[in-house]
Every structure is written in structure tokens, then in C-alpha cells.
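Listed below are the structures to be examined.
Each of the next two complexes has chain A plus one other chain: chain B in the first, chain C in the second.
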Partner chain A sequence: MSLHRRAATRRKVVLMAVAAALLLVWVFPLIWAVIVSFKSESDVLAYPPTVFFEPIGRNYEDALFGDFSILDSLATSAIVSVSTTVLTIVLAVPAAYAFARLKLPAKKSIGFYTLATQMVPPVGLVIPYFLILNKVSMLDTYTGMIIVYLTFSLPFAIWLMVSYMEDIPFEMEEAAFLDKATRWQTLWHIIIPQVRGGIAVTVIFVFLNAWNEFLFAVQLGGNTVRPVTVAMYNFVSVEQTLWAKLSAAALIAMLPVVIIGIAAQKQIVKGLTIGAVKGGGRR
Partner chain B sequence: MSHKPNSSGRARSGLVTRRDILKTTLAGATSLAAPGLMIGRAHAAGEYMDLASFQGAGINWRMAEGEKITIAVIPAGYFNNLETVLPDFVTLTGVEARLEMIPPGQIRQKAVLDLSSKTGTYASHAADPMYYELYVANGWIDPLDDYLGDDKLTDAAWFDYEDIQPGHRGATSVDGRPYGIPYDGEATIQIYRKDVYDAKGIAPAETLDEYRANAEAVHDPDNRLWGCALRGFRGAGQNMYIYPSIFRSFGGEWFDGERVVVDSPEALAALEYYVSLLNAYAPAGVENWNWPDIADAFSQGTLGSYIDAHGSAAVVANPEKSKVVGNIGFARWPKGPSGKRVTSIWNWSFPINGALSEKQKQATWLFAQWAGSKEVQVATTYNYPGAYKRTGANRASLWKDAKFLELMSGFGHNYVEAATESFANDTDPDWRPRLPQWPAVGDTMATAIQSALVGQATPAAALKDAQEKIDKILKG
Partner chain C sequence: MSKGRVNLKGIYKRFGNFVALKHIDLDIKPVEFFALLGPSGSGKTTTLRMLAGLEPPDEGVFAVDGEDVTYAPPGKRDIAMVFQNYALYPHMTVRDNIAFPLKMDKVPAAEIEPAVVRAAERVHIEHLLHRRPGQLSGGQQQRCALARAIVRQPKLFLLDEPLSNLDAQLRLQTRVELKKLQRSLNVTSIYVTHDQEEAMTLADRMAVFLDGEILQVGTPDEVFNRPRTIAVASFIGSPPMNLLPAKLDGRRLVVDGHVTELPFAPDHPGGDVTMGIRPSHVRIDPDGLPTRLYLSENLGESVLLNLYLGEYLVKVRVASFASAGDDETVPISFEPDAIHLFDTTSGLRIRTAQD
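The block that comes next holds the complex of A and B.
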């Protein structure tokens, strides 16, 4: 019996150690960035690494208010990401509902083509987007950038939301229809409360993608629309990399995502598990 | 993006003095009475430069007044300085010019996209000299001899194009015609630890063999001092920046008629030198090092020497970052077996986008001429009010200017001599193979060099593979 228990304990310890080791691989860069962001540029590269040092706040000050202030870019990122997220959800929820519930002609192929737009590597889209935006004079504008972001966030969101909607038992809607509810009322009062978790997950992913996007931002933006991912690059000049300031800027840029993540955590966990259990299925 | 010089002298006080009000009122009155006069009056003095020295040029600086141009540049100290003094250009010309900072990794694609689609988004951009063949082959940019030779557009005596470093002029010309005005450029030099070399009783290398011997003499990894380092990271501007110099100094020729040859015996000898040198005396991981990494290591005192752009002196001699200030020496590139020293001709220059309207082209030419002029070079180097002083002045006359040399001599032993002689004698416009397909050729070579460095392929196999790929690329 004790042998058994000892084996179980050992198993646990080994599992924990493996988990910790794996986790460290992912977390280490983050830890490193946090430490570096409080060091002076000359301490960053010191060898052996300085473990005890006087933490300084200057890097954060410089990142926010210095020569390469990222403040304006944070605002730009916020405008672009929030607009993209809101528009995506507003459009994706009814669209997903339609795919999940309505009898549409050619539903299968429409569904496929919605997702097919995601099969083109983004690099292949940069040039067409550039030319189109240039034609309609929307290069380096918020409208242009948000429309471009919608082109990849929307299919993704629809596809994600469909799977959540399909999980809702049809009987719930039937009850509403018997009470003479319209489609929109059903969607609003029955479906949306049921897929709250799914919406939260979608919001996070869409926001995260828009916030961290770089390729389109750098090619289609400019001095007016210059998200934080592009602005951060100013700390990596051809002459030198200002590691401490770059880390500080990166951590500041992470903050909104982390906050939203924490705020929506409960919903996300719920949303992920709902999505994983296939009970209702398509009818 | 705002960029301000750090000097308190430039800070504007918020207080309005009686004299300010008087001045404003007077200017207002004058402008009402004689609008034509006001322009001359109000712009007599620029914020950073005396505009009179520009107006001395026999051209009408206001020929393109009211035009709007955007110029793409990269985030770098030398362009920040240019951005700071840019308001003087606006004052002088009435052209609304603005700089847009694009990360170095993306500026080339963005420029090519703009030029090839003829959108005219960027009137000019900080151009990579290796891209001129591509631009010219497609007719995307204007030849500048038309502008330089037109006395309405250029005062030849005032601008003095011939004063621009010969290597940089060569690098921005195609078939003898100029296509870009160099703004900032560099020469490649040896940078070494004078204290360590002195203690060992060795002098900076005159030849590549001596460079290896020096690396061996100071190599002491147990005490965290490695013999040397060169750019090892894969990229047309990384390892394919340093290898071409070695290749050329081994006597290598890129072209055999129309064909690009990268697997000649000279190429093999050069690559073997590079690989064996770095494997023996460079720190582990050098295959991922670009030049900032090398300069950082040198600043930490862990490198005996390296060979790179003369501008890196500003980093390794910066007391805020470097532990070796006061112990740095400089020398020219060592000679290769062919007896040649070959430095890069790297520079950032401004071409004129061919898709612009005539008026915009004039505005862009005024900008290029202004940025390349001696006055702006002075205003962004030793006269710059901020902390960062450029080292990449584009003009030979500046490298004879006592004030500029005084600034440069602060970097360490023999710096001015090494840089001046390199600019004068060691630059080689054929340092890298100049052809429209350079982007693809450069990448192919970069991959080959790195695979040899990390031992994935022997130097001979790597070059043979690269040759086959390049043959295919050029066949189209």
C-alpha cells in the first residue's frame, strides 16, 4: 500500500517537474523581458547577468514619453483593435446564427468559401490590399485598416461562433417560437445568452489578432495609422537594439491584452469547455 | 512620432515677451503692406541653419511651393537628426515634406511595392544602394544627371556633387548615371581592443592572415575574451555584407561576362577563411549575430576585435553602454591575398520616384539636394543640438573639416585616419554583384554562407548549391 502511495507521489513530482520545465520554456522570455525592462542598457548585456540591481523606471518613462513615445501608437492600436472587434462581433453573431440554423441555399459552399479566405497566406494578400486601398485612397487610414482587419477576423469569428451556436439544443428556440418570438428576438434572448462564453472567446482572439498584427500594419499604415507593433520597432534601429526600452514598450503593449484576458477568464474557460462537448449538434 | 533634440538651448519658453509681440505685429504689418517682402524677411534665419547660405545658391528654392511629399526612412539616429532639422527645409522651400519611419526589414518591400505599382506614395525613400539596378531596369526612378545638369534646378558649384564620397556616388549610379543622392554612408573598418593588443605586443592586422594570428593571440575564452567576430546572421545585409569584402580581397570577381559566379576558387578560399576564422575564434552563436550583437559584445569587453561599419564606433565608445571606452583602436580592413582592402560602399541615398508629377519631382529634387548639401550635413553632425552626432557624413570635405574631425577623434585611437583612408582608397562599388536580381541573389548567398558556417554543408558544397540556384534565378 505504502509502496503504491510512494509511487503515486513520485509520479506527481515528476509530472510537476516536467510541467514546470515546459512552462518555463514559454514563460522565460517574459520573465527576461520584465527583468530587462527595469535594467539600464549597460546592465542588460552584463556578464555574468546582474541578479541584484537597482531597478529603474526610466525605460518605461522613455517608452511612454521619450523620443520614440509609443503613446500615440497605443491609441491607434486601441482604435483599430476595438473597432475591429466590435464590428466583427456585430456581424459575425447573426452570420453564424444563419449558418447554424437557417435553411440557406448553398449553405455548405458558402460556409466553405467563408473559411477559404483564410487559406491564403497573409503575405499573398498584402500586395492586392495595398493596390486596392491605394485606388480608393484609404492607405494609412483607420477605415482602410479596419476593413482589412475585418477580412480576416470576420471569417474566423463566424467559423468559431457557428460551432458554439450548433451546440445549443434546438428545443430551446422551439419553445420561443411557440411563444411567437421573432428570429431576432430568439437570437437576442435565447441564443446570445447561451453563447456568451463563445462570444468572449471570440472577442479575445479577434482583439488579440488585431492588437498584435504587424504585417498589414507596416505595409498599409503610415504616419497616421501606426499601431504599437510597428512603433516598437523604433527601438530596434539599424545601429543598435535598445533592449531595455524595447522590453518596457513590449510589456506596456501587452497590458491591455492581459487585462482583457483576466477579465474574461471565467467566460473563456466556460466557452472552451462548451465548445469541446458536442452534445446538441446540427439538426 | 516626435523627435526632439535634447539640448535645453532649443527649448522654447512659454513666455511671450514684449519683443515677440512687437516682432509679430511688425511682421504682420509688413506682410499686409508688401506680401512679397515678407517671405524674404520671415525666412532669413532657419531654426537650425542660416538659410542665407542656401539662398546663395542660384536656384529658386520656392519653385515647388505648396507641394506635399513623404519620404520613407528607417528608424536610425542619422534620420532622426534629419527629421529634427526638416522644418528648415519647409521654411526654405514651402514644400510640405515629412519623413515616415519604416522598420529596416520592411522598407525595401514597401518601396518596391510603391514603385512597381506606381502609386507615388513615397516621393523618395532611404534606398539600399543594391536596389538601384532593379529600380533602373524597370524605369521606376529618374536619372539625376538631368537634374544635376539643369542650372534652373541645381547650382552645380554650390551643391558640389563631386564632393560626395566617390564610393557612395559610384554605388548610387548605374552605367555611369547617378540615380540617388547619398545622405549617410559608411566604410568598413577594423575595431580592436588597444589595451589587449598592446599587452600582447601586437599591432592591428595589415593582412587577413595577420588578422587570424591576432585573433589567436588574444583568444582566451576561459576568461571570456574571444579573438574576433564578424557578422554571422543570415541576410543580404548581414553575412552577405561582410563576406563580399573578403571575397573581393581574395581577388574574386562576381561576373564572368553576363554570368554571376559565386563558386570560383577565390570564393571558396574566401568562404573557408571566414568559416574557419569564426569557428576557431568567435563566440558560440556567432551565426546568429548581426552587427548590433557584435558591438554589444565588444562593448562588454568580450571581443578582441571585429570588422564592421565605422559608425559602430558611436556605440562601442558610448560610456553609457560600453565598458571599453578609452581602450579602442581602429584600422583599415586588412589586405587579402590579392593585396586589396575592400570596404563596403553602404550608404542611404534618396532617389526620385518616377511616378510623381513634374512639380512633385522638383520638390523631391529640392529635398534630395538639401539633405545631401554640405549645410545639412554640418547641421546634422557637429552642429546638431542633440546628443547624437552622425558619423556617416557623405562629403569628403567634411572629413577634412576641423570641427567634424574633432568630433570624430573622440571615438578612439586612429579613428579619423582609418575612416578617411578607407573612404579614399578602399571603397569598391563592385563589392557586391550589382544586378536587378540582387535581392534573390543576396538571399541565396546569405543562406549558403550561414549553412557553411554552422557546418550543414562544406564551403564547397554550399557554394556549388548557391551557384545552381543563382543560375536558375538569372535564367528567370
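The block that comes next holds the complex of A and C.
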């Protein structure tokens, strides 16, 4: 009995140690960035690194209000991410419902397409997208960028949500039909409230993916649409890299991600496991 | 003003190659409590779903009060249904569950709450209105589903084995309440069950289903006392009646050499027939047919003997029985006026004394 307990304690200690080590590996760059963001540019490059220094807030001021202010690009990121998320949900919920419920003739092949979009390496799509957007004069426009993001987020969102909707028994809906609810009322009053968790997971993943996206933003964006992931590179130039300001900007850009991460921990873990099982959730 | 007359004519339903319903004809009268009785897989639920509009038939016509609603969508039929698994909305309180049909029917908000309370009171769950279905016992969930169905006045009330998820005691109690409720509602009700006792006690009339066909329609009394075919006879009663090959010659019925003089003249030219007799109408009779005792089951109020007459198993219900051990010889005879006769080839009943 006590032997048992001692083994359990040992297990716990080992687990904690491993977790701590892993966490350190992941968090170290972040801590480093935080430290750097409070140093002056000259201190950053000093060797050996200065351990004791006067922390300064100038870098944040510069990142937000300086010559290369990221304020506008933060707004751009917000517009693109929020629009993508809202549109994704508005379109994916009914689509997922249709997939889960209706006897669609092309259901299988559409399902496969959905999965395939999650498999194609994004790099392979950048050039075609560039050419297409160029052709329709949508390069560097919000519409163009959001449409491109939707091509990824929609299949993923539908895929994720179908699994939630399939869990709802048919009878529930049939009862609603007999209670004189229309299809849309059934979706609204019966289905959606029961997949709230799934919608939350989808919102979080779609938003984070859009907010963190870099590859497409840098190729298909420009002066009008320059999300913060791209704008940060203003601090990197041929002559010099302003590490401290870059760190400050990066940390500001990370803030929404961190806040969402903390607020929605549970949903994210759930989504990750479903994503892992279903092979979705990456980009 | 009578409403809720149901007519089914020539209904067929196929699932792929499988024919789930074969030529179903039914006339259900207004305000009747009508049971669909049959073994598992006989097509009772399919019939009910067809009535509800959830599963349109391949052929045939379904009319309510003379109006053809065969292909009308469920919401246009003014039909309420209690599902076997209740299908309560788990994210809503009991109050909202019961109120849902009214809201969808655009009943003014002020009228909803009193109607909900009234419906809840009828099934004694008015104290549970704030709970969610997940916080209710099986019996309470069943009542909630009932309340949701009766909160508006539908033309037709469909119940799919509503008692099957309850334990035996609660089932008996709820059965009584259900009957009372249906009487007070004055709504035509169609009740699916595979439990014949339930059908017998609840229904005004019933239809016996087997393999997608209706074998007989009648009052419980008719179905029990005058089964129309051998198939019905072998299904109704627990245990069902004994069916034995016999020879008919005028009024003389010969079973395995033993002659029973019938108190009536059967409407049949004579020859090979099938005799049916319920276990409680077989007597132990020293002058009767010798049978071999296989097993006696003590049911408390009576004893059920399993006897072998040659290769045929005969079940006999007696008040008490002192066994001298298995394989003992038990002589039996049949109560002449309780005998049912069937034409062996057609399976149809031959008119007898009770008819």
C-alpha cells in the first residue's frame, strides 16, 4: 500500500521534471524575448550579455508609435482574422450540418477534398494563389486575403464541426420538426446550442491560424494589407536589425494569442485531440 | 366535431430490397386509443414514422380527417410524438422543452407559461420545470416528453414504446396514468408496443403486425378470443395458445386418436385442421390423452406444465400440481367450448362457438 503510494509519488516527480524541462525549452526563447524587449539596442548586442541593466519601455513605445509603428498592422491583422473567423463560422455551421445530416450525393468526394486541402503543403499554393489574385486584381486587398484564408479555414472548420454534429441523435431533430420547427429553426434552436463547444474550438483555431499566418500574408499582401506578422520585419533591414524593438513588437503581436490561450485552454486541448484524430488543424 | 380520423390505404415501404411494410390498410377512428402490436422488426416504428412524416411511404395514401397528408412535411401535420428514447432537448430546461412546440407554433408569449404549467401538472412534473433533462430520472424524462407532446392540442398523438425504458413497477403505474391521460385528452392516439399486455390493457383497438404486414385488426378482446389466423394465435397470449394438428369430421375433432365432441358445428368441410387451445383450457383428465411431463414451472399463482404430446409441446396452466418426477405421464383433455380451429392450408380461422 505505502509501496504503491511511494511509486506513485516517484512517478509524479519524474513527470513533473520532464514537463518542466520541456516547458523550459519552449518558454526560454519567450523569456529571452521579454528580456531583450526591455534592453537598449546597444545592450542587446553587448558581449558578454549584460545581466543587470536598466529596463526601459522605449522599445514598446517605438514599436507602437515610432517610425515603424505596428498599430496599423495590428488593426489589419484584427480585420483579417476576425473577418475570416466570422465568415468561416457563418458558412461552416450550415455546411457542416448539411454534411452531417443530408443525403448528399457527392458527400464522400467532398469529404476527401476537405481532407486533401489540409494535406497540400502551403508553399505549393502560394504561387498559384498569387497568379490567381493577380489576374482578378485582388492582390493586396482585404477581400483577396480573406478569401485565401477561407480556402483553408473553411474545410478545416467544416471537418471539425461535422464530428460534433454527427453526435446529435436524429430523433432530436425529428422531434423539432414535429414541433413545427423549420430546418433553420432546428439548426438554430436545437443543433447550434448543442455544438457550442465545437464552435468555440473552431473559432479559436481559425482565429489563431489567421492571426499567426505569415507565408501568404507576405506574398499576397502589400502596403494596404500588411498584417503584424509581416510588419514586424520593418525592424529588420539590410543595415541592421533592431532586436529590442522587434522583440517588443513580437510580444505585442503575441498578446491576443496568449490571452486566448489562457482563456480557452480547455477548448484548445479538446480541439487538438480531435484535430489529431481527424488529421486536421494544421497550417 | 370529431377530429383525428386516420386512414391508411395500400401503404408500402421499402429500404433497398427489403420490404418493411406490405400493403398496410388501417382505419383509426377519432379519439381512439389504437395500438400497433408486433414482435421486434415487424414494422411498427416504420409505420409510426410514416404517420409522422419522417419516412414517406413508397406507395399508398395516408389521410387525416379525409385530407391526404401522405407527403406533407412533419410540421404541417399537427401531430405530436413521444419517441422511444424521448428525444428531449438536453440544453433546455424542462420548461423550455415543453414550451418549444408552442414557441414554434407562434403562440403568444403570455399564453405559453400557463399552458406549460398545465401540461406539466397533468403528468405531475410541475416541480421539475427548472431542471434539465440530464437531471431527471428515466420516468421523469418520459413524463417530460409526454408533457411536450400534450402541451398543444394535436390532431394525432403518436407514442413509440414510451414505457419500454421504465422498470417493471413504474411501467405498470405509468400505464394506468397514460390510459387516464389519453381519455381526458380526447385525441386519437397511436401506440406502438411489443408488449401484448400493454396493448391489451391500453388499447381500444389494435393491429397485430408481423413482417411488415397487418395480421389482424380488432379490439383486444377480439384479437385474444378470436385470432384471425394461426400466426396471430401463435403470438397472442403469454404463453400463446397451443396449436396441434387435428382431424375434423362433423362435430368430432380427433387429436392423436383422442376424440373431442365439439359443442358447435364448425363451418368447414372437415379433414386436416389445426386446433388451438389456451394453456388454461387444457385439463388434467384421467380419460384423456397421455402426455409426457417435460418440466413444470411454478409461477406462484399457478403452475405451468410443459408436456410432450408425441413431438408437440403442450403448455398447460393448472392451479397446482404435485409432480411425481419428470417423465411422468400426464393425461390431458381439452375444454370443448374453448377450442379454436384453423384451416391448416390457409391458416385462417374456422368459425367456432365464440364467434
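We adopt the following convention: the second predicted complex is superposed on the first by the 243 of 283 C-alpha atoms of A that agree within 3 Å, B and C clash if a C-alpha of one lies under 4 Å from a C-alpha of the other, contacts with A are read in each partner's own complex, and residues count from 1 in each chain.
Note that a residue touches a chain if its C-beta (ideal position, glycine included) is under 8 Å from a C-beta of that chain, and two chains touch if they have at least 3 such contacts.
Note that this is a predicted model, so its numbers are computed, not measured.
**Q** Given the superposition on chain A, are chain B and chain C in a clash or a fit?
**A** Fit: chain B and chain C sit side by side once superposed on chain A.
**Q** Spot which of chain B and chain C makes contact with more residues of chain A, would you?
**A** B
**Q** According to the stated criteria, A:Gln219 is in contact with first (chain B), second (chain C), both, or neither; which is it?
**A** A:Gln219: touches chain B, not chain C.
**Q** Looking at the overlay, what does A:Glu54 touch: chain B (first), chain C (second), both, or neither?
**A** The answer is neither, since A:Glu54 touches no partner chain.
**Q** Now for A:Asp67: first (chain B), second (chain C), both, or neither, which partner does it touch?
**A** first
**Q** Between chain B and chain C, whom does A:Ala176 touch in the aligned arrangement: first, second, both, or neither?
**A** second
**Q** Using the superposed model, measure off the angle between the directions from the CA centre of chain A to chain B and to chain C, in steps of 10°.
**A** For this superposed arrangement the angle is about 160 degrees.
**Q** Rounded to a whole Å, what is the shortest Cα gap between chain B and chain C in the overlaid structures?
**A** Distance of closest C-alpha approach: 50 Å.
**Q** Quick check: in the complex, which residue numbers of chain A touch chain B?
**A** Chain A reaches chain B through residues 40-42, 45-47, 67-69, 72, 126-127, 130-131, 134, 139, 218-219, 222-223, 226, 230-231, 233-234, 236-241.
**Q** Within their complex, state which residues of chain A touch chain C.
**A** 169, 171-172, 174-182, 185, 189-190, 193-194
**Q** Can you tell me which positions in chain C touch chain A when the two form their complex?
**A** 52-54, 73-75, 77, 79-81, 83, 85, 87, 89-92, 100-101, 104-105, 148
**Q** Give every residue of chain B touching chain A within the complex, in rising order.
**A** Contacts found on chain B: 1-4, 70, 74-77, 80, 98, 100-104, 106, 109-110, 113, 117, 119, 121, 224, 292, 295-297, 299-300, 302, 311-312, 314-315, 320-323.
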